[in-house]
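In the two assemblies presented below, chain A is common to both, partnered first by chain B and then by chain C.
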Partner chain A sequence: MDDDRLTAKNNYVKPVQALPIRGFFGRIAYGLGSLLKGMRVTMHYFIHPSTVVTQQYPENRETLVLSPRIRSQLSLIHDESGYHKCTACHICEQACPNASIHVVDRPEPAISKKELDFFIWRLDSCTFCNLCVMVCPFQCLEMKPTFESSVYDQRLLAYNLTKYAGPTSTVLAKQTDDEARKNMIEPRQVYDGPTELGGFILAGMPESTREKKS
Partner chain B sequence: MPSVSSTLTMPLMVGTVLGVVGFISVVAMILVYAERKVAAHFQCRLGPMRVGWHGTLQSIADSLKLFLKEDIVPTKADHLLHAFAPVISVMAAILTLIAIPFSSHLVLADVSIGVLYVSAVSGIGVLGILLGGWSSNNKWSLLGAMRAGAQIISYELSVTLSLLVIILFAGSLRLTDIVHSQEAGWWIWRAPGVGLLAFVLFLIASTAEINRTPFDLAEGESELTAGFHTEYSGLRFAFFFLAEYMNLFIVAAMGATLFWGGWMPLHIGGFTAFNQLMDFIPGTVWFFGKVITLIFVIMWFRWTFPRLRVDQLMSLEWKVLMPLGFLNLLVAAFLSLFGWYFFPLVF
Partner chain C sequence: MVTTTLSLSSVPISSLDKRIQSLENEQSSLGTQEYFVNMGPQHPSTHGVLRLVLHLDGETVKEVIPVLGYVHRGMEKKCEFIGYRQQVHLTDRLDYLCALMNNWAISHAIEKALNIELNERIQVVRTILAELQRIQSHQLWWGVFGMDLGAFTPFLYGFRDREKITAIFEDTIGARLTMNFIQPGGLMFDITSDFAQKVKEFIAYFKPILNEYDELFSGNIIVQERLRNVGILDAKTAISIGTTGPILRASGVAHDLRKLEPYGVYSQVQFDVPVGATGDCWDRYQVRMQEMRESIKIVEQLIDNIPEGKHMVMKFGAKIRVPEGVYYSEMETARGIYGNFIVADGSEKPYRLHMRTPNFNNLWSIIRMAPGLRIADLVTILSSIDIVVPDIDR
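Up next, the complex of A and B:
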């Protein structure tokens, strides 16, 4: 295999070379040579089973190898103490081409600003374009490799990504008193929040377990 | 040459026919499975893995599915021809198969004009494709069939020109005679240069003749849906499929018989000890080993080479393969006339 072509930096696109004119037999030899080169590449794959990329998925669930760039589920990054850095700035919401993100804020009494209440992300309409992750000015979003998200009720695909309603980790870190910090935040569950799939009730499906915020 | 054909009686004949039908179904199923596996590994995939151990029963499941599938015929199709076309294709494949010598004793019909018979009868297959395309009353089918017709008729020339080279050296059209003429060595290397060139021409042209990628213009999925068999489903589609894989087998068998010594073991004139060692391996094993190797090479082509455009296809045949074939034939005629090839005195 032409390995140096694969590893050479910034050399993915080679300028197209005009086919050198070598006469009737020369061109036949040239063509056959390049075909043989291709056959060498495919034979390399054939006799090296380690090049196989297929995953025998349900069987090898434990040892599954996923690409590091996989985009399967959006997640709001929470640090070790369980706090996120989202300021509820709505930039990701506006960047989303499918309106799959719904950032719900609430007034933060202490500093007379807004803070995050719910971060609703709808997997069913997300195209995993990664725009939200890229635009967030505080890098609070990431794509997780957990892909087993199938459910029997479409409404269960609208997630609330934040684990609490309240200010960012920076604000919370400034608060030294543990008790006061606890009072600033309110826990949130994964199916909490106001987005109810446009009010649809799917026939034959159990009612969503999500509690509505009044 | 003892052959079964001389002793055929009516019940034996029926048995033979049933045997041949069973044989082609099994061979086609194995080939389909092999192709899927080979293709998968060429493309860093695994292929069928679920039905049976490593997907070995996949072909059986697929054939059952095809048997049980609804057979849909377009309302405005020519019903008689539509039903007849796949049968013609399979018929041509079966008729060709019976002339091929599988081993020194397993020759169903030892035709004295074997090579001519095989190339003539396998040409009937294109009639099935043309009829199928025409009777479907669908423009994709018709275009595909027309392309297949043009392609097969063109490449038939190159196939015949390369076969003629071997006939010149072997001095016979009978396939068993050709096999016996290779006792001292296979024609691919015994005929200096011309044998190899004829083999390469044969391989390219017959890949085109059986409509396999890179010459699968007749069913170019991207442009003609499925070409001539767009309007076929169920059992009739299975028949076309069967014919396609039987033709693959036949091409490999013909290549092995004419260029690689058929069921003959690998002999090098003179080296007695080596030759005796090779004789221990039975002829059928030699034959099928060669056929499998050739089939693998043709599959290797299919999963490696870029596809040709229709005009490129035609210029490849008429501007490259055919002139080369004629040149090769001319040189081969001189070589065989003056006996300028390896071990000319052995037979």
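Up next, the complex of A and C:
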């Protein structure tokens, strides 16, 4: 307390309002007044139903507007022709603090480079820190505001984000022949919801989740 | 009356069983009886998994022994493994009501180490967001404080208004609680074009609401009588325990890092530091209520002219290499001083990281305040300390 900066003499120090000391009758009078004052606030909201802020969630699903920045679902950006830009460089995998991302690559025989095979993202261990999106040098990841991802089996929370295995969109764009382009890619994802862990079929997985959603 | 010579300092927690046994063996002759009661770990008014062992004499509290460790996650050790870039998002999970300020504190330490000069825009936006977070945190505290005293209504009012700030955060940051927005080198995104407009709308909305809080709750005679002269903590004890933030200021010590060691743009704005006189629950209540008004003042001064500039002065990849050395940064969060002590060995992971979290020190003020009071008052005190348990255990 020797420090001058900490004493109450400083110009920025603002003492808070002390509680006044009241007598017996003063307390009764003040008490009744304060209770009525509080009730006035309550009554104001009672007779003004427009001030109610409650949202009826499952019913207002149609009209629910979510900010585009909300981070609740990682997705690999696919352009309008359905091709992504991921080069399987593994930087997102290195940046992920809790190993929620697993990138599986495979050699591409044509140009002796690596290409994306599986992009596996585990929602159950993801903390939505957005680091993978920030560090991606090709901006091919994004966080989406879809939040209704609850399932009955934890294994369903491992997503496979790739729709095909094969080269990036830039390589595919150079290929003019439609038929040749189709041969370069291998469809990976038929069901765009939660998938089996690692893209592989696990024992005991409910049959219905493997069905095509089209 | 059972006469036992028990003091907190002399008996370690591990010997609790022995003490309970010794009390049970003794015979009580008159009226009240001494006994031990567990408050928590699952108790609504401890705001998390905190266990308080109460040594009671009838309904009077003789001694409070906080038992910690129920949500210990090894944060500091974890930071030694995951690296500087990744550990920023872990600080969200310490004091989850001050996530942005925690992000700022740890980013500040890394920026200090790497000598990164931030531009004015980043500093101003960070300051605005931190003050909004302070208001948000105090709003939640206000609501929960009312609920702990037995009034459910303030809880709904507090959360209704907290939602307004949360909506701003949702639009700007993309998260509601664990934001990870303030990054080493700047901000994760640039603020949206309508950010200033939204904040102004909120301030216009919230200013009259603060008076409504006073009408509804602060002016209430029951509240006043329950807070008056309850849980008095004098300045000397508060300093010796190491309490910071509103608790220390309520005890009459004008200690605020925003004034003493200004960071961000706090040196450029005008605001007062509310300071209490007696250090009872009423002072702690009033200090926080006034702090909300001061935070509004700060935001009002900054929101009209946010300077132009980049939102990220230095873009990092997946790893950040910090040069060898020892770095410390501390910041005034809504609950007190949050400090980061980093020992760097030149790699992308800290050799050791110590987090000085405010709630850990603030909690221990309860063992000085509670003796002699009733259990109902203990709940009042615990709520007026405004603890966040994950921050204590970390």
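One rule holds for everything that comes next: the second predicted complex is superposed on the first by the 134 of 214 C-alpha atoms of A that agree within 3 Å, B and C clash if a C-alpha of one lies under 4 Å from a C-alpha of the other, contacts with A are read in each partner's own complex, and residues count from 1 in each chain.
Here is the rule we use: a contact is a pair of C-beta atoms (placed from the backbone, for glycine too) under 8 Å apart; a residue touches a chain by one contact, two chains touch by 3 or more.
Just so it is clear, the structure is predicted and the values come from calculations on it, not from any experiment.
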Contacts of A:97 with chain B and chain C, given as first, second, both or neither: second
Which superposed partner A:43 touches (first chain B, second chain C, both, neither): first
First (chain B), second (chain C), both or neither touched by A:35: both
Chain B versus chain C as contact partner of A:56, first or second or both or neither: first
Chain B versus chain C, judged by how many residues of chain A each one touches: C
Touched partner set for A:65, first chain B, second chain C, both or neither: neither
Contacts of A:131 with chain B and chain C, given as first, second, both or neither: second
Interface residues of chain A shared between complexes with chain B and chain C: 35, 38, 41-42, 53
Chain B residues within the chain A interface of the complex: 38, 40-46, 49, 300-301, 303-305, 320, 324
Complex interface listing, chain A residues touching chain C: 1, 5-8, 10, 12-19, 27, 30-31, 34-35, 37-38, 40-42, 53, 67, 69-71, 91-92, 94-97, 127-131, 134-135, 143
Of all residues in chain A, those that touch chain B in their complex: 28, 35, 38-39, 41-43, 45-46, 49, 51-54, 56
In the complex, chain C residues that touch chain A: 82, 85-90, 153, 160, 163, 170-175, 178, 180, 183, 188-189, 192, 212, 215-217, 219-222, 224, 227-228, 235-236, 239, 250, 252-255, 259-260, 271-278, 282-283, 286-287, 290, 316-319
